[in-house]
Amino acid sequence: MPSMALLSSIVDSLSTLGWSLSAKLGTLALTIQDAAPASVEEGWEGWHTIENQKIPTLVAVVFFGLVMFIAQRQAKAGKDIPIRRIAGLDALDEAIGRSTEMGRPVLYVPGIDEIKEIQTIYSMMILRHVAKKTAEFGTPLIVPVKDSVVMTFAEEAVKQGCLDAGRPDAFIPDNVRYLSNEQFAYCAGVAGIMNREKPAANLMLGMFFAESLILAETGFATGAIQVAGTAKQHQLPFFVAACDYTIIGEEYFAVTAYLTREPGLLGTIRGADITKIVAIAAIVIGVVIATMYSAEIAVGNTETPFQSFLQLFAPKSN
Amino acid sequence: MKREIPILLVVLCGLAITWAFFSPAPMSRAVNDELLAWGTVFFSVAFLLGISNLVRISLKQISSRHPDWPYKLLLLLVLFGYLLIGAAEIHGWFGIPGGENIRRDWIYKRIFMPLQATMFSLLAFYIASAAFRAFRARSLEATLLLTAGALVMIGQVPIPSFFPFADWIGDTSVRLQGFLMAYVNAAGQKAIIMGAALGTLATGLRIVLGIERSYLSE
Amino acid sequence: MIRPMLALQEASPIPFFTMDGEMDLLGGWLICFLTLSVFSFLYKDNPFYKIAEHTFVGAGTAFFALQYYSEGILEPLYVHINHAMQLPAGELMQLGGYGVDPTYAIIFRSVAVLFSIFLLSRMVFPNGWAPRWPLAVMVGVYAALKLTGETQSKLVLQVASAMQPLTNPEKLAWSDNWVAVEETQVFYTFANTVMVVGLICALAHFIFTYKRTKILGGVSRVGIIVLMITFGSMFGFTVLGRYALLIERVDTLGGFNNQDYALFGTSALSPPILLTVLIALVLAVSLRGKNSTSTS
Amino acid sequence: MAKRTDKALDLDRRWIFLVIAILVVVLYALGIAAEMPVNQYVQSYYDTIEELDEGSIVLLSADFDPASAAELLPMYQATIYQLLKRNMRVINVATWPAAPPYTREEFEKAAPLYKKKYGVDWVELGFKPGDDVAMGQIGQSVTSAYIQDDRDGKPLADFPIFKDVGNSFEGISLLITMSAGYPGILEWIAQAGGRYDVPILAGTTAVQTPDLFAYYPTQLKGFLGAATGATMYLQLVGADVPQLEEVTITNQKRMLIQTWAHLLIIGLIIYGNVLYFVGRRREANA
């Protein structure tokens, strides 16, 4: 089939081009190392080289970084970047407002992971905005935490949020509470707060594990508005089942951009969007090529253009 | 300076680890290893902050005769009793041969293990009540949630043979379940995993490059 | 509880208390009591549950503290530095499989000790500058670790693994044999198309900053449907594990339901049965008259 | 998502709890066993181990605790028996603090049966704190992630098994994790599978199992999903290991209780939906 041959040559040259492009990107600061790393024995020798397998990751990081910077500059220069509606986030204001009307506190659960999880660090950034809003409304904000390191971050975030609102007096140190490092003991403590202090809004944003269902069920029984958000896929089903609003997966990482509409953050989200579109395109191209050569792949031919294309994403080790 | 030095440390450590990830140089492994060991040390040391907080709050409640104070006393007794026994075993105090762990093992198997496992097993009850409440065919989305959930539940277990059409139900549900898990579920999972990875990349890059500072107060 | 057990000790082949690894009477009763106390929470918060909960917090915190003490402080600081000091001259210290001069190894770890003291200074000076340094190191290290590791395994490699051919000539032609339907060409193409289209739609659902045109809106709606089926199936799958845990607890309790552990060697007075009745009675008496609406 | 006007929600959920408790206890007391057909993921887990050369070194990571031992311990036991029966050499590590006691207990039971020697055929390195950080360190170099072993407290160089192990998973032919959550299989895939060329197998809890389908078969060679997977695997391994007979039957018995629990929940869902539609029709008529 002539068309097949043409396609194969196009794909081949494309992938070689892509390969050398990514290689060029690499050489901006680094040179690609051909020798096996095991043969390098001197400590710093090869410090400027990179392992073959990791080139696609480097390209992804650099690509994302570039796109992010460009989008951020455009956004700061006044380019309008719209952001789609996220229902769960519109509900945040409503939930805090309802708490204020009812004169009851807002409960913020930053997940149960330690600071080593980026979702936890991100939860601290969201906490700052929530603290700002509750301080503006004059509603008490209770933050139970599971880890002592997270506690220090949470205290800073709430303090800063109150400062942002111009109400430093709204910060109550006793409301950022360390409960326990034990997962289920922590969970029991939070359930206790839900029952005793009857918060009208439960915001559960962060990294959750098996306790998610206990928290969500208890919160439902106390009649609070519940907004949950996590990028942890296992716990999403339980939040979707038991909470009023759920912020799903990547939406979680768009929260601060959505709440502040700050150009820098919007630029970051735009960067992620473009990267995602590139990923989708790559998947489509990959699937098309793989399907065209499926007969050869099935008989174990590893020299098809598909494999050269796949090499761009998952190169063999040196 | 209160903010600049920490940001500088974030950027330096972040770049060092990022470099160590990409570089095959032997030294990168040493740098990586050392920084990770630091992280482990800080994490373990920070545990002291947690214990001191727990003890402080418990003592406060005991001294102010909070309604639950006897339980707090129990908590402190168990905590310090276990800590003392453990430390004695690790360091060989009170004539106990150092490095033994039979006493810790006793407490572990008779107290810690049953409590943790039972707490966790409470979820068997909660998951049933959550399913009962949430799985209603209110909308297209909710109906799909319900159907997929029920199918997977049936497909996971053998159907008792006295049920009408047990073989057919068993066979069909296993196949549908397999299809849902291996293809539809895998697609949804992949999308969430990739989205979360992008979010992590975005946030991580902003932190490592020192652009994102809002987690540190001014 | 202890007295009756002392009374039955002569009759029972199981020792009252032993640390040689075998189960003992005290342990058996303790396990049953704690297990049933936790289960009593399903009815309502009560003193038995509070005893179990506070014992748990105490024991759990101590358990983790001891682990972190020996593995996170003793080993990387005491053992490591000791090891470096005792190395014969000229020998190198292994760090991540790479040998460095022991002096450097000691200096590096000393910085970690210093930063640990900074971290602990928070107990005395809650607003000081010092605790921020180790915290900053942690944020930098972990953020970079996640950023590189997850981009590799959860982004790049996931894109690569999504590139599956939609046809597979190895598969059978469409057969009327329902048993082998998963092995047919048609099924293979259908299933993989569902996967790829589902993945793309679900990914498109997470596109935030582009206008929701009809196409993007429609694709995103399909994405939501895929996500909902995903959540449903995950929920269904989880049920399995939760019941496995419950059955294991019942199994443990059942293991103590025999004459060896029972009072006066009568299995009707075995720990799980006796304690269940006891807890139920106490709860019925103590909670009677109180407002007994569901607490959670 | 749940609407509060739903009439069926008035049912005190403690009635549901009571029904579940009665069902589980009664079925447990009856004790009937049910056999399971084996699925491809379990078969592939079993085959991957069977296809290894004799004497290969396997890194076995225990990443669980008592809370999940119900699901994972039977798989862990069976895996140990299969590995020792096939004459593999095993390096045991753990990233969960509560896991090492299980490792010791199981190996002390299984090793004498196959005349295996500590330090030559298996070694216990114990718990390493730091979660995925620790995994990264173990991946970079087992011999420098641990200074001494967990059982005897001796330096690793004293054990013959480490003569054949290098950095970056050199010499290790397979990584198996019994994973209960975080850190677990996903972190191992990121820290080991993503960085080094080592095949990975996993036994997981039901919560974790659904996201493993996305990694099979490229990044993950096979896995045992929850109690079902454990039962299937036990049927494969336990066929000629008398020591596993009891646990196999226990697992098959549990599967029956499981079945009825699932049917009960489905019944509840149907009941709830009937109430919901009846209530809605009534509202529409009123």
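By letter and in written order, the chains are A, B, C and D; residue numbering begins at 1 in each of them.
Keep this in mind: a residue touches a chain if its C-beta (ideal position, glycine included) is under 8 Å from a C-beta of that chain, and two chains touch if they have at least 3 such contacts.
This structure is a prediction, so every number in the text was calculated from the model and none was measured.
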(message) Which chain has its C-alpha centroid farthest away from the centroid of chain C?
(response) A
(request) Name the chain pair with more contacting C-beta pairs, choosing from A-D and A-B. (result) A-B
(message) Taking the mean of the C-alpha atoms as each chain's centre, how many Å separate chain A from chain D?
(response) 28
(message) I'd like to verify one number: the distance from the centre of chain A to the centre of chain B, where each centre is the average of its C-alpha atoms, in whole angstrom.
(response) 17
(request) Quick one: report the Å distance separating chain C from chain D, using the average Cα coordinate of each chain. (result) 12
(request) Provide the C-alpha centroid distance between chain A and chain C, rounded to the nearest whole angstrom. (result) 21
(request) At least two other chains touched by the same residue of chain D: list those residues. (result) 1-2, 13, 17, 20-21, 67-70, 98, 129-130, 132-133, 136-137, 140-141, 144, 167-168, 195, 207, 210-211, 214, 228, 258, 261-262, 265
(message) Give the residues of chain C touching no fewer than two other chains, as numbers and ranges.
(response) 42, 53, 56-57, 60-61, 63-64, 68, 71-72, 80, 95-98, 100, 122, 135, 138-139, 141-143, 145-152, 154-155, 157-160, 162, 196, 199, 203, 206, 227-228, 230-235, 237-240, 242-243, 245-246, 248-249, 294
(request) Two or more other chains in contact with one residue: find those residues in chain B. (result) 21-22, 26-27, 29-30, 32-33, 36-37, 39-40, 42-44, 46-47, 49-50, 54, 105, 108-109, 112, 114, 116-117, 119-120, 122-125, 127, 129, 131, 133-135, 142, 145-146, 149-150, 153, 156-157, 178, 181-182, 185-186, 189-196, 198, 200-201, 203-205, 207, 215-216
(message) Considering only the defined contacts, which chain D positions touch chain C in the complex?
(response) 12-14, 17, 20-21, 24-25, 28-29, 67-71, 97-98, 126-130, 132-133, 136-137, 140-141, 143-144, 147-148, 166-168, 189-191, 193-195, 205-207, 209-210, 214-215, 218-219, 225-228, 250, 254, 257-258, 261-262, 265
(message) Which residues of chain C touch chain D once you look at their complex with the stated criterion?
(response) 42-43, 63-64, 67-68, 71-72, 75, 79-80, 83, 94-97, 141-142, 145, 149-150, 152-154, 157-158, 160-161, 230, 233-234, 237-251, 254, 294
(request) Using the touch definition up top, name the residues of chain D that touch chain A in the complex. (result) 1-2, 4, 131-133, 168, 170, 181-182, 195, 197, 207-208, 210-211
(message) Under the stated contact criterion, what part of chain A meets chain C in this complex?
(response) 43, 54, 56-57, 60-61, 81-84, 86, 115-118, 121, 149, 152-153, 180-182, 184-185, 188, 191, 194-195, 217-218, 221-222, 233-234, 236-238, 240-241, 248-251, 254, 257, 266, 269-270, 272-273, 276-277, 279-280, 282-284, 286-287, 289-291, 293-295, 297-298, 306, 309-310, 313-314
(request) Could you pull out which chain C residues touch chain A in their complex? (result) 45, 53, 56-57, 60-61, 64, 98, 100, 122, 131, 135, 138-139, 142-143, 145-148, 151-152, 155-157, 159-160, 162-170, 196, 199-200, 203-204, 206-212, 227-228, 230-232, 234-235, 238, 294-296
